[in-house]
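Look at the two complexes coming up: chain A is in both, with chain B in one and chain C in the other.
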Partner chain A sequence: MNRRNTLLAILAVVLAAGLLIIPNRGEKKEIKPEQLLTAINDQARFLSTDAITERIIGGDPTLQLIDVRPAKQFNTYALPNAVNIPLDSILSPSWTQLLHQPGKDKVFYSNGDIEADAAWQVCTRNGVSKVFVMKGGLNHWYNTIIKGIEPSNTASGNDLDLYSFRQSARQYFTGSAEQGADQPAQAESTQKPARVKVERKPVEKSSGGGC
Partner chain B sequence: MVAPLIPMGVIPESWNNVFAVILGFGFGFALESAGFSSSRKIIGTFFGYDFVVLKVFFTAAITAMIGLLYLSYIGWLDYSLLYIHPTFLASAIIGGIVMGIGFSMGGYCPGTSFCGMAIGKIDAMIFMVGMVIGVFIFSEAFPLFEKLYNSGNLGGKLVSDSLGVSKSLFAFLLTVVAIGMFYGATWVEKKVRKVEY
Partner chain C sequence: MKKFIKKNWILLSALLLVIIVLIILMAGGKPDLKYKLSPQQAVAALADTGSQVSPLVVYEKVLKGDKGLLLVDVRNTDEFAKGHIGNALNIPVLELFSKRSLDFFDELADAKEPVILYGQDQLQASGPWLLLQQVGFRNVEVMQGGFDFYKQLPLNDSVAEAQHICWKAEMPVLDTAEFGKKTTTVPPTIKQEKKPVKVVPVKKETSSGGGC
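Presenting the complex of A and B:
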C-alpha cells in the first residue's frame, strides 16, 4: 500500500477507536414520564368505531390498522387491511419500519380496550407518533356496526343518521343490511353459482308445413 | 429511501423517486470510476490478481458505519428510523450461493452489468439478457419458491446484537479486520501473476 492509503487506513482505525470512547446515545428516543402522563390523560387517542369504519370504507390511505390480538384470533377474523402485531412482539425490530411510517395513523385494536391501550402506551413511550386506539375494540365494533340497535321512533336526527350509516356499513362488511348478519360479503362470491336448468325445446318431428 | 430526512418530514415523500435517480447516477458514476464496468477487474477477486472489489465495498461499508454512528452521536440521525432489511436466513444462503456462481461465471453483479452496458460492453449486455431471463423464470415459478423465499425470517437483525456486543465495538473490530484484509489482499496481489486487461 502506498503512503496515502496507509494514512487513510490509520484515520479509519482512529475514527473507529473514537467510537469506543464516546457514550452510546440517540438509539432510543423515549419520551419523558411527564409527557407520557399527559398523553395518557388525553382521550384524543381513542377513535370511535364509526370513525374507523368510515375510513375503512373510504379506503383512507393514511389509516394503518394494527391488530394486537394473538395470531390465531387474527386469522379467525380481522378488520380489512389490518396488520397483526401481537402485543408481545410490538417491540420487535421487524415492526419498527411499519410503526414509524410517516403520514400514517397507526390504530391499535384488540377485542376490548386493554391490550390495544397497552400497545399504545408502549409505542408512545418508545417515541412512535400518530398512534391511536379503536375505542371498545372489536367487540364494540361488532355490537355497533354489525349487530346494531335500531333507534326508537323518538330518537334524534343524529341518531337516525348514525343508524343509517351503520346499516350501510353493515352492508359493506357483510353484504347484508340485516342486523347480526356476520357472513362477510366475500363469502357470497365463493358460493357455487345457482345452476340454470335448461329446458330444451323438443325437436319437431315434422316441419309442420310451410314452404 | 433517503432516511431519515423523508421519514422525519424534512423532505416531502414525493421526492423519493427524484433522489433515487440522483443517487442512481452517483452510484453508477462511483462504480464506473472504480473500474467496476470491467468484468475482468471484478473477476480478479476470484482469481486473486485484483482485489479492488473487496477494497471498494469494505471501504464503503466501514465509512458508512463509522459515519452513521458519529451522526447518531451528535444527534443528526435517529438510528431507530433507519430501515434494516429483514434477514431471511435460508433464502439468503441459497440466494448467496446462486448469486456467487452467477457473479463468478459472468463477471458482473446486477449493478455493475448496467455500468458495463452503459459504456457498450457486449459481455455486460449478454449478462443482462441472462439476468432478465432469470428474473422471468423466477417470477413465473415463484409459487414453487415462495415457501423457501419467506423462510427463516429473523427480522431486522444486526450482527452486533447477534454477537451481544455494542455497535461501537463491532464497528471498531470490523474496521481493524477490513484494514487487515486490505493489506492481506495487496500482499496476495503482489504474489499472483499480473493479468493485463
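Presenting the complex of A and C:
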C-alpha cells in the first residue's frame, strides 16, 4: 500500500511539473506570426479615400482618423477631426485607450500608405481590432479630390458619378468648386468699363512635394 | 518486483502515459514561429530607412548582373509569370512561412546576406518585410516603388517630373502649407481710385457629363 501511495504521489508531481514546463501560452492579446501573415494578406483593412471622404462629410461618429505623420506635418494640415499619433509613439500608453475604443473604426493614414500600414500591423499584432488603413493616403486623397482628375470622354456612368462626388467633396474641403485653378478667375464688376482679371496661383506646382 | 508491477499496473501505465505525452508536447510537433522583436523594437526598426532600397539601385544591379543581388517577389505565381525583375525568386505572401521559405531565409540570415522583397506596389512587400523583421530575419530589405514603378524603368527624367511619377511613397504630394492657406482664402477685394470693385471669382460650371 505504501508503494501505491508513493506511486500516486509521483504521478501528481509529474503532472504538476508538466503544467509548469509546457510553454506558457501567456500573451493573450498578441497574435501569432502565422495569423499576422494571414491578416497582412487580407485586403479588407484598406478603405478607399472616397469612402473615408464620404464619412467625413457625413460626420460619421464611428470614424476615428489617426494621422501617423510627424507632428510638424500634422500641424500644417490634417484631415478634419484626425488625431495625431506619430508612428514612433504608436505604442505609447497614452494612446491605448483611444486605440482600444470600442464602436469606432480607427483608420490610419499618412502621406502614402506604407507608414499607415506599418502602424496597422503593430496594432494588429497587439490584438487591437477594428483598425484600418486609408489606401493611397493623403497624397491620393489630394490628387483625386482636391486636384481632381478630369474624366475622359469615354468615361462610364460610374466614373462620372465618382467625379461629381469628388467635386462636391472638394467644395466641402476648400470652399471652392474650381478644379486645379489653372484658369484665372474672371471678375465681375458693377461698372461696365472696369473689368478686373484676378489670376489665381496654380495649385499643382507644389513647392514642397515631389521627388 | 513483478508482484508490485502486477498490483499497480494501472497507476504505472498512467504515469508512463503522462510522461510520454509531456515529452511529445515539449519536444515534438511543429515548432511555432516566435517573435524575436518586441513590438517596441519593431517600431524602432521602422525608423531604420537603411532597409529600404531604391528601385534605381536595383535596376543598376540587374543591368550589371550583380551576383550579390537576391530578390524575392511576393506576388502570386500568375503575376510573377507575366513578368518579374531579374532572377527574382517567387514566394507568394502566404507561403512566406512555409518550410521551404523559412529554410531559405534561415540560410541567408546565417550567411548575413541581404535579400530584397518587392511586390506589385511597395505596400504589398512592406507588410511582409516588417513581419519577417519581427520573427528575426533582420537581413531582409524592401524595394521602394514596387514592380509597378520598376517596369517603367529606365525613366526619362522630364517624363517622370511631368507625370509626377514618384517612387518615394511617403513624400507629400502637396505643399501642405500652401494648401492649408488656400482652404481659408477669401476672394480679395480690389480698391480702385473712385469706386471699390468687388472681385468675385466665376465658378466653373460642372459639366453635366453628357448623356442620352
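Following the convention adopted for this analysis, the second predicted complex is superposed on the first by the 151 of 211 C-alpha atoms of A that agree within 3 Å, B and C clash if a C-alpha of one lies under 4 Å from a C-alpha of the other, contacts with A are read in each partner's own complex, and residues count from 1 in each chain.
The criterion applied here is as follows: a residue touches a chain if its C-beta (ideal position, glycine included) is under 8 Å from a C-beta of that chain, and two chains touch if they have at least 3 such contacts.
Remember, predicted model here, so these are calculated numbers, not experimental data.
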Touching partner for A:A12 - first (chain B), second (chain C), both, neither: first
First, second, both or neither for A:P93, with chain B first and chain C second: first
Touching partner for A:L36 - first (chain B), second (chain C), both, neither: second
Which of chain B and chain C A:N158 touches, first, second, both or neither: neither
Chain A: partner with more touched residues, chain B or chain C: C
Which of chain B and chain C A:R4 touches, first, second, both or neither: second
Partner chain(s) touched by A:G112 [first = chain B, second = chain C, both, neither]: second
Overlap of chain C and chain B interfaces on chain A (superposed complexes): 15, 22
Contact footprint of chain A on chain B as seen in their complex: 6-9, 13, 62-63, 66, 69-70, 72-73, 75, 77-81, 83-84, 86, 153, 155-157, 166-169, 171-172, 174-176, 178-179, 182-183, 186
Sites on chain C touched by chain A in the complex: 4, 7-8, 11-12, 14-15, 18-19, 21-22, 25-26, 32-35, 39-40, 42-44, 46-47, 93-94, 96-97, 122-123, 126-128, 130-131, 134-135, 160-161, 164, 166-180, 182-183, 187-188, 190, 192, 195, 197-204, 206, 209-210
Touch list for chain A against partner chain B, complex: 1, 5, 9, 12-13, 15-17, 19-20, 22-29, 92-94, 96-97, 100-103, 127
Residue ranges of chain A in contact with chain C within the complex: 3-4, 7-8, 10-11, 14-15, 18, 21-22, 30, 32-34, 36-38, 40-41, 73, 76-77, 87-88, 90-91, 110-115, 117-118, 121-122, 125-126, 137-139, 142-143, 146, 151, 153, 155, 160, 163-164, 167, 173-179, 183, 185-191, 194, 196, 198, 200, 203, 206-211
